[in-house]
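Chains here go by letter, A, B, C and D, matching the order in which they are written, and residues are numbered from 1 within each.
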Amino acid sequence: MRPQVAVIGSGREHEERAERVGLLLAERGATVVTGGRGEVMAAACRGAKRAGGTTIGIVPGESRTQANEWVDHVVVTGIGHARNLAVVASGDAVIAVGGGWGTLAELGFARALGRYVVILEPGWGIEDVPRASTPEQAVDLALAHV
Amino acid sequence: MRPQVAVIGSGREHEERAERVGLLLAERGATVVTGGRGEVMAAACRGAKRAGGTTIGIVPGESRTQANEWVDHVVVTGIGHARNLAVVASGDAVIAVGGGWGTLAELGFARALGRYVVILEPGWGIEDVPRASTPEQAVDLALAHV
Amino acid sequence: MRPQVAVIGSGREHEERAERVGLLLAERGATVVTGGRGEVMAAACRGAKRAGGTTIGIVPGESRTQANEWVDHVVVTGIGHARNLAVVASGDAVIAVGGGWGTLAELGFARALGRYVVILEPGWGIEDVPRASTPEQAVDLALAHV
Amino acid sequence: MRPQVAVIGSGREHEERAERVGLLLAERGATVVTGGRGEVMAAACRGAKRAGGTTIGIVPGESRTQANEWVDHVVVTGIGHARNLAVVASGDAVIAVGGGWGTLAELGFARALGRYVVILEPGWGIEDVPRASTPEQAVDLALAHV
């Protein structure tokens, strides 16, 4: 199976960097896993599709119509915020781009499960979680740990 | 997005029919969604891959190593039996092949969510759930409802 | 800890029997666990409170306001239908009163987890699941298996 | 219904403060909700029971035997780490005492759901989350927000 990298986060101001992350992951053969919805999640999927990659969207509700248009495979969980656990668990590594409270929950879960996590600056400042200053560096670090 | 059909069930004696269901779904352009593990789940994935199709495995534990070798995209949920909800919610329609108590839970969830469900004989006899006597008929009915 | 018995089901026409089940469980010292909402769930809690018992409501949404007024302790899960797993898992035994598709999912989960289940007639007819013809008999059977 | 306050965290070195938090909550009429297992969770329950209070333990596995001995009501979720969402969702307010990665996930979820959260020092340093220097202050702040 191909490596799967979860891209988490939110915030319209982070979309450009998220799209770059998605594109770089696809170019390097990794499937992009996200929560399937808007902003950072949509941007990462869009970037991956621009490079001909594959995307998985794990949505919180009960209908696949929640997924953004760049998701190839929709996993409909029906479990609300708890789907954040599935998003990071499905990544062999995790890249955080911006983000709010849900992203903090994902960072916690990712490390609780032993997944490698890198935060693309700017973003949450969490003790013991490595940071990257560019999309290229974030992707390099993530793929070095899958 | 391509149609996604969930194949649920268990029991080694049902593998041959499950493999046929997976193959027919793939031939007709549907992605096969399963719980990602053995017996009926593995057989449906194997059938889909024999026809060059695509498979998604939604596993209950916290590691992608739980998935059978015919799964293309592994969604690692970490939520145990509750992943059964995600399996059926991710199908535009659901085909049940054999099955135990977990399959019964999936049948209930699928109908609670309004998904079309068909039971391939023999299998659970549940009031108001249509039945099919052959894999071909089960796939016809499922794809007529996506 | 006191025994906990889950009462599952739905349907306004089953409320009287559900209230009787809740009352009998409370009289015999068992805590009543339900999904915390209306119809059978509310009736079972109301019966338990009439007998001075204790009730736990495990609700699907993100707010405790979802619980009916006879719930003493509200567990807010945020996981939608997947909370059905928690309802039956929290019972040392399970009594089904009436019920729809969600109840079928609960029956499946309860048996997958090895919980004793009894169906109070009328209700789902599931192979290998014992039935009781009166609330008294259902409670007797459930408490004999905790 | 009585107020419910979730106490989250881990670490043997934080048990004394957690026990004090549990005791103060019980003295002031709040039910203590925890993840039901050891260390901070057990200490908070023990404190509550010393003051004659009521405790709810929401455990990750499939058996009530996972709960510590000071839990009155066990909710067995079967959903692993995802039960962290239910723990904080079930609190009208949340107090964090020490803690590891799972606690970080809970902090994120609590705020995503709009629950008031206070971190008892020392503990995670999260932007925009208020801190308290003593168990008394943490309990005061939490109860002022229910």
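Definition applied: contacts are C-beta pairs under 8 Å (C-beta built on N, C-alpha and C of every residue); 3 or more make two chains touch, one makes a residue touch a chain.
Computed from a predicted structure; not experimentally measured.
Of all chains in the assembly, those touching chain C and also chain D are A, B.
Simply put, of B-C and A-C, more C-beta pairs touch at B-C.
Centre to centre, using the average C-alpha position, chain A and chain C are separated by 39 Å.
The distance from the centre of chain B to the centre of chain C, each centre being the mean of the chain's C-alpha atoms, comes to 29 Å.
Multi-chain contact residues of chain C (touching two or more other chains): 62, 78-82, 85, 113. Listed in rising order, the residues of chain B touching chain D in the complex are 62, 78-82. Listing the residues of chain B that touch chain C in their complex gives 79-82, 85, 100-109, 111-113, 125-127.
By the touch criterion stated above, chain B contacts chain A in their complex at residues 1, 4, 31, 54, 56, 58, 62, 64, 67, 71-79, 82, 85-86, 89-90, 92, 113.
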